[in-house]
């Protein structure tokens, strides 16, 4: 069960209206790596988890915090829009290039659809999608996904920080940056702990039998481009992170298999299934098949 | 530039037709973590990269390999579909429950739309989307995203391995599993190397000034659920992976900010902006504003 | 802020595994009128609201309940999937038509992607979309949207009730049906109250000046099909619900405007902008324009 | 069957070109509550209807009118774009900030893709989606959905009215506002008539047996947030609109069920299914299972 | 304006219920090349057209017919669903593998969402999208798009014809096949006429000045794969269809340009913009920039 | 297999930064008819092909070239963004209307999400979709689709040519225009060759038995609008392109079928299935049915 309290975790009041910036903030509310994504992702991971205890509580504990972050951004966006020019004709202000420029850069649906309210979309107006959520049931894979989400999210907040001078907005972002710092550290710590405890190992999934894997290429870098510098990386020689072998470097594939022959499905799918010079055969074959009908 | 060779990196011929399995394989071709995603993701990261040398060559080198993996899966899917029942009425076979069951589990567009060919969709028929691609320009964030993609991808291939007994299909999957093992190891190695060389650090982005972050909550676990076990994890005490502090544990937030007051945007957006008991005021206010028009 | 408690509002344990039914339940979790939609819709309406008091508290109070309903369905789905055949090859069971039929009707991503866990998608596998959310800032419009969502939602749950004999599932659905009954009643009551208090009236938005509306057709039924029975409805004569007039019935439009002439945009958009018999003129016109470049 | 006449229902000619406004108008053509949505929604409701007579004729009669409204908006948009600057370089005009502002606010695909023509998209460029359509077969639910669509639609047109001073555009909008007034009134009248005639009642669906519903919570407001004002509404006491009982108010849930235990699906789905301290068991269990293969 | 008549252009009554086939028919109603697509595509081309006369009338005339085809398919689908098992539990029928197979192959939303009615989706449940529509304003390009749509559409109907034995369904399909034959012929004839009249030529757009095109590669086949047989085609030698030259064949590119150097955007976008061995410089550069803030 | 070479086919370096133009170029990279579409479309057609030889080699040979075109555009976009104002606050430049206008017209995710890099989206920010790809297995249909894609693509590039004065960008576009000229010619030549060789004929699919088509309307223009000029076209009289008959013109349909009666599905789908005046019967019918449960 979820309970709501009509307070925020931190200040979320801007100094000034700014509809263009409101649109930009939509990215970290409703974008691929916005707060809706992490709130939903941690929730689904918690609901689908297969083990009790600390990992489960971790997922529940953070999921609820993230729903509160959606709220903080939504309230901020609504305030940034409150007194902004949103394209409503008023006196001569619309013919002012500066105002026109502002209006051109806004989310037009902020005015037309939500009436100066926040929306579950990203900064380009794409609606949030359930396909942003990753919850595979394998915790090492999922915690890596979570670390990635927090990294991309913090990166976007950091970029947004430098796109405004509003001290109220910056104050909110400084708080979100700090929480993203915590959450990055946390998922990395949790991924490590999973491995140290032996619950999961590299490569994911670690208990798939190695005998069923084509191991000759399990640790081999195969170069399909013509740059040579990849040979200098730690992925080209030395022990592999999974502890199962040594990296090797191969400049292009040394084996290949013939391309399978073209397929010839049932002629009643009406693909182009016969060679041109055998066109006479088409009528016959099809007619035979179709005769039965 | 890309060049194509009409050979495959590895065998891709099934023993038997199996249209239901062909549909399942679409997941790792055109799903969120399928081969189109990694091929496109590594390509965009390469095209957008800001530094020359080994990381750039690594991205180009693997991107091209992944385009070849799309091809191997597409050829396999076309072969699995070639002789399968796809719902075409033939003798009395359609009334056989076993055939009906097979047809019910197929991707219907394999028959109707592509005529027994592979498609750029996932196992539920959702078309592949550009929103699956992550390429932020920050290499530590992106390599973590890549490690996640390879983990989720290998997990899915491992699951698919146990959903067929076809030795040809399993042979292909054993190869893909091995390459996913390599690529997981590789991105983890590359992420480590970036940090060891000082190009990037935790938290991402590492050169955002700490003075602009609300550091009191940068390493604090705040528990928003009622489970207590998260306090036992390595994310609740001890040094943080970013090396900047110590984790602390807080059982619920200890500070809060008041919920901002409701916003009152321009009345010509026709939101419900007045209290019910002040309804008389609506006419007046709006009339004033509208009078000008 | 949101807080989570690791309990459910009501029982959510099935008697038996049933992966096909798990897929069907996804509709009321992640479909257009599923629990994610109402939870998000009421939240955004609350965050965007323009007036304090009872309507605001109503929105916050129900939004949090709905997040708990997502959870109840997600837990049920995971349990229905737990022991189900999901296409994993095991002994000879896969060749059994009954099992094949089951597997064909499942959400394949339940097995391949989430490893027997719930997902933020509908019963056909479409990911949940932010475009399902309505939050316009006009409370009468939005409460009508809410009533519609609860009606469609309860209708879907009622249909699902008769698609299973599992007493555990039916128990959960009997609870959700009751809550949907409450929420339908509630939004209808709230919409009435808004009107009785004079905060909003029909037609929405009620304070748009009538002088700016083409009122001759504001209450006129105009029939564009050849059926005659629509003339018998209460929308064809008698007072209009908005209290501003009387319905009239017109069997087809009695006025029209000429179709505007085809447009001729800039020739450098390379549309087909000239009449065929004037083809000679094309070269000239374009050449003139292009000459400047 | 549909027939077309090359006339419009009302004037649709602008005074002046205005490409930014053309983009805004796309919202009510191809947005969630635009004319494509209502035309398609009423059509599908008519095609799927289960009863003959006045409701059927009503749906057919209005559906065809709405297709004509799509056309009026499409013609208007094409005319607004006809002479507008669309980013084509011409003399020095592109370096004029006013022109740049205009171009920045346009739908870029109006220039690049449709060559100054209308498109089936909303004001942010999202393509119209079949998921906007509601047609459930239950007429009370669907007429409520229709009333909502007309309310949201009229609200958006009212907002757009104040975003232009063009008398031609305003003339068209005044007509559409009037038709939306009619259609709101009409669906509300039709929903009432359904109930008065006993065809449908509240709650939808009304003939689902009450004995199968968990009635103790069918009329109970349960407060999951900490605001107290919702207790003052007509949804917290007094008779319910469905006529089946009395509203009651409960400040938070008074019952709960334990969270179901984590699920343990088949180990070959490779989720993290074992407790960390039992890691030794993983190898064994999996090996047993896998041994058979 | 559109007018509706409650008759169909042709018979649309099935012999027997068949919910699986109803789902398949959705492809040609609401799929990429279904009837919604062509109805909308021809309408938008008509609304956006730049010239009066026969081409305009052609587009309007066929668009209205296609709306009627949507209707014929929708009525057929509703009838196929009317008496079909849709997963509703009834006696012991659900445990019958044959029934289970049928249910597994249905569009689950036909039962849960539309209550045995047609929907604006394709056979895999993807909602119809406005992105399927092509209307560029250039008639030769658009008529080619129309010819393609009719070809793909007729191909799909032909495949569907062999997926049923129902004489009522086949009767409807035989009519649609004939209309698709007409429409293919018609668009090809119209594309030819455009060229013969000189309104448009190959290549599209034909009045883009050749002097601005890099003509050395305008008629050159450049082979980027290792197959040699493409040299045998009519695209490798002989006159080009546009009449402007002769095809030539080149086995791989003979020129190239260096890959541009990696880009170095503003450091406040926090990409990885510095070489690892210059890590010391990062702090300095950023600090300088950030100092100003 | 695909191999990559770190060179481009042609110059791709702009004179000046231009973030607004970078956004426009996204259309031909990641839009419906952009380079990702043609690269993927030709690849899937090649993988799904049913015949060996020249057509197969043609598809492979061009597919690989198109992947290189994605790369050229991606590199160009990254360079256009490199030094552009992207909304980062710097000195007082943000309050300059000219700069504000520029920022308003950019793809905001270029700054926030990709850090000045290219993205797999179109000019309005819609992610590229697998639904853009056509690969039906019928080569005449698919080559027509390819011709259409190259026509729409070249049209868009031609429009973009006139939206910039940058000589570097224009140089790249002049190259792409030339390749699109070649590819248009090539697909038209290939479609002709298929027909001349008898591999496929009009109408597609040509080997569907004519006896199963309702031939009376196979070559008949039926006019559903009130314009009369369509009768003047080559599609209204004279021989049909498929060589099977003569076009005829009919001014509106001369036959029709009655609209099928409304459907009455199972009452447990809770549609409105009874006439209002028979409301009493509802309870009975449903109760009977439900009694069994």
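Observations on the model:
Here the chain labels run A, B, C, D, E and F in written order, and each chain numbers its own residues starting at 1.
In this section, a residue touches a chain if its C-beta (ideal position, glycine included) is under 8 Å from a C-beta of that chain, and two chains touch if they have at least 3 such contacts.
Quantities reported herein were computed from a predicted structural model and do not represent experimental measurements.
Chains that touch both chain D and chain E are the following: A, B, C, F. The minimum number of touch steps linking chain B to chain F comes to 1. Rounded to a whole number, the gap between the C-alpha centres of chain C and chain E is 26 angstrom.
If you average the Cα atoms of chain A and of chain B, the two centres end up 6 Å apart. In chain C, 1-9, 32, 48, 52-53, 55-56, 60-61, 63-65, 68, 75, 78, 88-89, 97, 100-101, 103-105, 111, 113, 115-117, 121, 124-127, 129, 131, 136-138, 140, 155, 158-159, 162, 205, 208, 224-225, 227, 253, 256, 263-265, 268-271, 293 are the positions where the chain touches two or more neighbouring chains simultaneously.
If the chains shown are joined wherever they touch, the resulting network links each chain directly to all the rest.
Residue ranges on chain E touching chain A, taken from their complex, read 155, 158-159, 162, 268-270, 293.
Listing the residues of chain E that touch chain B in their complex gives 20, 23-24, 27, 31-32, 97-98, 100-106, 122-126, 155-156, 159-160, 162-165, 224-227, 252-253, 256, 261-265, 267, 269-277, 279-280, 282-283, 286-287, 290, 293. Partner chain A is touched in their complex by these residues of chain B: 5-13, 32, 52-58, 60-65, 68, 75, 78-79, 81-83, 86, 88-89, 91, 111, 115-117, 126, 129, 131-132, 134, 136, 138, 140-141, 144-145, 147-148, 151-152, 154-155, 158, 161, 170-171, 174-175, 177-182, 184-186, 188-190, 192-193, 202-205, 208, 212-225, 227-235, 240-242, 247, 253, 255-260, 263-266, 268-271, 292-293. Interface of chain C with chain A (complex): residues 1-9, 30, 36, 40, 43-44, 47-48, 60-61, 63-65, 67-68, 70-71, 74-75, 78, 113-121, 127-131, 133, 135-138. Of all residues in chain A, only 1-6, 48-53, 55-56, 87-89, 94, 97, 100-101, 103-105, 107-109, 111-113, 115, 121, 124-127, 136-140, 194, 197-200, 205, 207-209 touch chain D in the complex they form.
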